[in-house]
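Below you'll find the structures, each written out as C-alpha cells.
Look at the two complexes coming up: chain A is in both, with chain B in one and chain C in the other.
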Partner chain A sequence: MTTLVTDNCHRCRFTECVAACPVSAFRAGEEMLFIDPDVCVDCGACIPKCPVQAIYEDLDLPEQLNAWIEINARRSKVMPKITKKESPYAGADDRKTSLGF
Partner chain B sequence: MENAKHFTLQVAIIGSGPSGFFAAEALLNSGISSEITILERLPCPYGLIRYGVAPDHQKLKSVTQTLDIIAEHPSVTFLGNVEVGKDIQINELMELYHIVIFTTGMPKSSLLEIEGESLIGVHPSSTFIGWYNGHPDYQTQPFDFSNDSAVIIGHGNVAIDICRVLTKPIDELRKSDIPETALELLSKSKINNVHLVGRRGPVQAKFTTKELHELGKLENCNVSVNPKHLNLGEACLQELNEISNQSARKNHGIFQTYSNNFTAVQNADKKQIAIDFMLNPKVFKGDRKLQSVLFEENQLGGPAFKQFSTPCNSLLEIPCSLAFTSVGFRGTQFAGLHTNPNKGILSNLNSRLINEHGDIVYGMYAAGWVKRGPQGVIGTNRECAQDTVDRILEDLPIFLDHSASGKNNLMDMLKLRNIHFVTFNDWKIIDAIEVENGQQLGKPREKFTSVSSMLACI
Partner chain C sequence: MNQIVDEIQTFHGGCPHDCPDTCSMQFKVKGGKLIGVRGNPDHPITQGGLCVKLKDYEKRHYHPDRLLYPLKRTGPKGSKQFKRITWDEALDEISSKWKAIIETDGPRAIMPNSYLGNQGLVHGLNGGDAFFNRMGATVCERTFCGEGSCTAWLLTVGPTAGVDPESFCHSKYIVIWACNSVSTNLHHWRIISEAQKNGTKVVVVDSYASKTAKEADWHIAPKPGTDGALAMAMMNVIISEGLQDQDYIDNYTVGYAELAERAKTRTPEWAEEITGIPAEDIRKFAREYATTPPAAIRLGVALERSYGGSQAIRAVTCLPALIGAWRHVGGGALQFPVWEHPYKFDVISRPDLIPEGTPVVNNLQIGRVLTGEIQLETPIQSMMVWNTNPITQAPETDKIIKGLEREDLFLVVAEHFISDTAAYADILLPAAMGAEMEDMILSWGHLYLTYNTKCIEPPGEAKPNNEIFRQLAKRMGYEDENFKWSDSECLENYVDWNSPTCEGIDLAYMREHGFARLKAFGNKDVRARHAKGEFPTPTGKCHFLVEGAKNFVAGPFRQMYEGFQPGEDLDSLPDYLASRETPDTNPELAVKYPLNIISPKSHGFLNSCYANVAEKIKGQGEQFVLINELDAMARGVKEGDPVRVFNDRGAFYGIARISEDVNSGIIVATLGYWRQLNNGTVNCISSAEFGDMGHSTTFSDNLVEVSLA
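Now for the complex of A and B:
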C-alpha cells in the first residue's frame, strides 16, 4: 500500500495536502510534490485536499499512471521536506481550469 | 506588541490525542515563545490513535512516533492521569494559563433513540472499539459472540473496522495489539454473518475507499452488495458524476465488484458480509436479549446532495443476537461552555469557544473532533489544529498584559491534592513494558487494560 502524487500536481503545487500530512511525508520537487513512501502512513488525509486530484492510493491508481509509484519513491529521497502550505505556482489556477477542475 | 519580545505564552491543552499534539506542534512552529502543558485523563497519551485506530492498522498507529517528537520538545510537558473537571477545574487552569485548548475528541457514541436500544446485545460502537483496543473504561462489557449473526448500523469506517474485527481470522488478529483477554473471547466467536446496514444508498456511504477495498481482501469472507441498489436514480447519478465526488466514484466501482458476489453460490466455508442499503432501523426486538432488528425500507427523494430518505412501507427483519450502532459520536460537555445539541461539538466561532449566552470566552479554543465533529482522518486534525493556532495568534494582543505561571504551579497544586500525575518519561517506562510483554506473544505490544496496572509500572 502506497500513496503517491501524480502529474496533475505539475506546475500547480497548491500544497493543501502538506498541511494535512500528520507525518511530514511530502517532499518539494521543483515543479511538483512527491510523497516519501517510507514515511507516509497511508492515512489518506491528503487525497481529498488536492484541488486537481493528483494524489492516489496505489490500489486505485489508473494504469497509465503506474510509473509515478517509482518516481515518487526515487525523487522523494533527494528533495527537501515541505511541512507547511506554500503559495501555488503563478498560473496554477489556470492549469487547474485546464485540467477540468 | 513591544511586550511580545519577552512574553511566553502559557498554554494548557486538554486531551492528548492527535489534535492535542498537532495543536502543540503548530504553537511550537508559530515563532511565538510558548510553554505547553498537555493534560490527559488516562496515564497514556495518543487518544484515538491508541484507542480508536483499528488494532490491525499498525502502520497508521505508527503516527505515535511523530507525536513522541512533539512530546519530547523542551517546551512541552505531558501530564497524564489528570482529569480536568475532577482533579483540576477549568477556572483554575484559566488562572494558571493564558490559553486553554480543548482537544477532548468525541468519546461517546450517538444513540439511535429507538425502541429496544437497551436490550442485552445492542452496543454503541464506542464500547466495542474501546474493548478490543484495551481502553480501561470498556473492559467489563459483556459481548456475546455465541450466535451466528451480527448487525452493524452505520456506513462509515468505524463500522468497517468493527466488521473486520468480527470476521478476520483469529490468527491474523493475534498479530495485532488486541489484548489477550479480548482475543480469548473473539477466538470462540461463532459469528458467520455480518450485515453492514446504512440508511441511505451507495453514493452517500461515508466509507473511505481504502477501508472498503480492504474488506474485500479478507480471504475467509464473501462480501456482497445487492445489485439492485447500484441502479441509481437521476439525483444519485448527478452526485456520483460531480467532479469533486471522487471517493464516491471509487467506492461505486468497488460496490460493483461486490455485487458480483451477490448471486454467487455461497461458499459455506466463508463468512458472509452483506452491505445493505436503504434500511432505517425501527426496533431492536427481543425479550431482555436482542433477537432481531426490524428495519423499514427507505427511498431517496429530493435534489442531488440534498436527498432525504422516506419510508416506503416495507419492513425487513434481520435476526441477530449482536448489534452495534455506529451513527456518530458526541463530545464531552463542560460547565460554562455551550455544546451544540445537534452536532455534539463544543459550540465555537472559528475555534473560539462560546458560553451559554453565545459570547466568546476569551482564552478558550477547540481543535479536532470536538471543534468540527467526527469527520476526517488523522491528518485532517493537523490542518484543523493549525487553524486553531492561527486564531490564537490573531488574538495574542489580548493576552500580552496578563501574567500566567503555567506548569510549575499546576504540578504543585496536583501534588497537594495527591494526584499521581504521569510524565512522558513515566509513560515511556509503561510503553517499554507493554512492547516487551507483546514480544513474548509475537505482537506489537500487550496493552495494560487498567489504570492501576499502568500506574504500577512506575
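Now for the complex of A and C:
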C-alpha cells in the first residue's frame, strides 16, 4: 500500500502537500513531485492538500493511472528530497484551471 | 458551490483510539451518512492530517461485519454461532443471571474487563466503573500499557505533564526512548521532525530499527530490557565528568548524594556488558545529552515492558533534573500529560461505592484467574468485556481461551465486531462507534481537551457503551443519580470546568470549537514548567531518592480503588534491574528458547482494531517475523518461509523476513492480528508475570525459539 502522485501534478507542483508530510516522503522532480513508497507511512495528510487532486492512495487509484505506482517508485529514488513549500511551476494557475479546479 | 457540496455537513470529532495523539478531526456527513473524515487543520497537534488507521474512518463505521443486533450464543463457546435477540431479552437475561449470581455467591463472582479501546470520558476506560463499583463486583486492574511508567514517573516528579510536546520545536537534542513515534505518535513525530530539519539532533533508543529509528540521526539499540543500565551509565558519565547542573540539583532535587554513590559503579564498561552498546558510544551519548540544551526526552510506553522496565523509567526520568534540562523551554521529559488534565475520575468511577474488602483481579492475568491457577476466595462466574479484546491483547492467550471455554462462565461482551474474544460471548451486545456517540476524548499525549459530536445514528440497534450501562443500572435497581445522567450530563459532571485550567472553556465552547488548549499550560514558546523545581511531589522537588516507596497502580487503572494495592517495598533509588528471560539472565531457559522477542504495535492497526479490515491488512501485510540473517541461517529459515514461534506458553505462526533491522538474538513480530484470521497471535508466547512496578506488562521479557513451520 502506498500513496502516490499522478499526472495532474505535472507542471503544477503547488507543493502544498510537502508541508503536510510528517516523514519527508516527497521527492522533487523537475516538473512534478513523487512520493517514495518506502518512506511514506500512508497517513493520508497530503491527499486533501493538493489543489488539483493529483495524489491518491493506491487502493483508490483510477485504473488508467496505474502506471504511476511504478513511476513514483522509480523516480523517487533518484530525485532530491523536498521538505518545504516552494513556488508553483510557472503557469500552474492556468494549468489548474484547465484541469477544471 | 454546487448543490452536492452544500449538502455536506461538517462536525467536530475526536479520535477515540488508544493513541497519545488524540486527533481533532472533522466528520463529513451527507444524508445521515458519514462520508469522510479529515484532520482538523486548526489543531496545533493534528495539523490537518490523520494517520493510516483513521484516514478512512467512515469505512470502519460501515464495515459489513459490524454487529447490528444483540446476539445470544447457540453453539459451543467460540463457535460464533449466535441468534438475534431483542435488547430487552438481552438485558433481562444479563440482569437476571447477575442477580442470581449475586444472590448465591455475592457480587464478587462478577467482574468487568475493559481498557482503552475507547478513550472517551463517557464511553471509555472508566465508563463502566461506577456501575461495577456500585454492584460490588471484583475490581478490574487494567495495566496493559504505561502503568509501570506512571508509577515510576509519579514517584520521581509527581503528576506533572512534563515538557509540552509542542515545545519540542525548541529542543536542540531530542531523545525518543522506546517509542516508534512514526507509527504510534505520528503527530508528535511531525514536531520532532520539523526540529530535526532545523538542526536538532534526534536520537532514538530502541532495541530494533523501527520506522522512527530509521529517521533518527543516531539509533542506539540496547538489548531488550537493558535500558536501565544505559541510563545509569549515562548518570555515571555525567557525574564523573562534572556535567551535572549542581545548582539545579542543590535547589530542586532530593537524594543526589545517594544517587551519585550508586551511579559510581555503573560505568559505561559495566553497561556495555549488559546492553551491548560500546562504552564509548554511551559516553558520547551522555556528553551530547548533557551539553546540548535544551534537551528533551520522549518516554515511550515500551520501556516498561521488561521486569526492570519501571526502574529504567525512573532512571531516565532523573536525567533531566541531573543536567538542569528543566530550566529551558523545550527541556525536560514527556511521559503522559494526562496528569494535568481536569478530569474528575472520582465522579466518573465512584470509588466511594466500592464495598470494603472488595478483591482485585488484574486483567493481564485473566487467563490464570479464569482457569483457577490463581485461586480467588470468590471465583469468577461472570465477566463483562468491552473496550478490550483480551485474546489478542493480553498475555498467555491459550489460558484465556481455556478460561473462556468454561461452560459455567457467563460472558457478556459489547463490541463492534465478533472479535476473537466476542466469539466466546454468551450474550453479545452491538456497541456504537466514534461518530455515533457524544463524548470528550482524554489525551495522554497533548495538552488539549477534545470534543466528539454524535453526528450519525448507530447502525441497526447498536448502542453507546454508556447507554448499555444506563439500561443495566435500571434493571439492577441502581437508583444513584449518575446512572440517569445523559451523555451530555456526564460531560458536564466529568470535567472540572471550574478549575483555572478551564477558564473560558465550557461544554458549549467545546461543541463550537471542537478542542481547547488547557489554560494552565500557557505558551509553548515561553513555558519552562520546572525551571525552578516546583514539582508536584510532597517536597516540591524531583526525587532521585524516594524513602519508603511502595509499589502501586495509579487510580484510573483500577476503578479508582485504593484497596489491595501491590504495596511491596521499592528500591529507594533507580537502578538497572535484570529481565527474567534473556540469554544473559536466564541461560538455562535460553538453551531451549534462545531468542528474545519484541512485539510492538503494527503500523497499520491500532492494537487489534483494523486487523479485520481488508485494506489495512493489505497495507500492513500478513503476520511477519523479523529475524536476523545469522539466526535465520542457523535454523534453515529463508526469506518468506512460514515459521513457528514458540515457548512453553504457546505458539504463533508468521512469515520470516530476514532483516538487518534486528540484531542477532532478537526477533520482532508486531501485535494486533486476529487469531481467527491467523494461526495464533503474538501474545500466545507472552508471560503474564508483572514488571517491577505498577503491575506493568512484560511483553519484551520473553524467550522463544523459531522453527520452520
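FYI, the second predicted complex is superposed on the first by the 101 of 101 C-alpha atoms of A that agree within 3 Å, B and C clash if a C-alpha of one lies under 4 Å from a C-alpha of the other, contacts with A are read in each partner's own complex, and residues count from 1 in each chain.
Just so it is clear, a contact is a pair of C-beta atoms (placed from the backbone, for glycine too) under 8 Å apart; a residue touches a chain by one contact, two chains touch by 3 or more.
All values derive from a computational prediction rather than experimental measurement.
With the C-alpha superposition on chain A as described, chain C and chain B clash in the combined arrangement. Using the contact criterion defined above for the overlaid structures, shared-chain residue A:Pro48 touches chain B and also reaches chain C.
Shared-chain residue A:Gly100: touches chain B; no touch with chain C.
When the two complexes are superposed, the chain touching more residues of chain A, out of chain B and chain C, is B.
In the superposition on chain A, contact of A:Val23 is made with both chain B and chain C. Of the two partner chains, neither chain B nor chain C is touched by A:Pro80.
The clashing stretch of chain C relative to chain B, chosen from 116-124, 368-376 or 656-664, is 116-124 in the chain A superposition. In the superposition on chain A, the residues of chain A contacting both chain B and chain C are 1, 20, 22-24, 41-49, 59, 83.
Of all residues in chain A, those touching chain C in their complex are 1, 20, 22-24, 41-49, 59, 83.
Chain contact summary for the complex, chain A toward chain B: residues 1, 19-24, 41-49, 53, 57, 59-60, 83-84, 100-101. Across the interface of their complex, chain A is touched by residues 38-39, 47-52, 55-56, 182-183, 186-187, 189-190, 193, 197, 211, 215, 603-604, 615, 618-619 of chain C. In the complex of the two chains, the chain B residues touching chain A come out as 18, 22, 29, 59-60, 62-63, 65-66, 208-210, 213, 243, 246-247, 250, 253, 376-383, 386.
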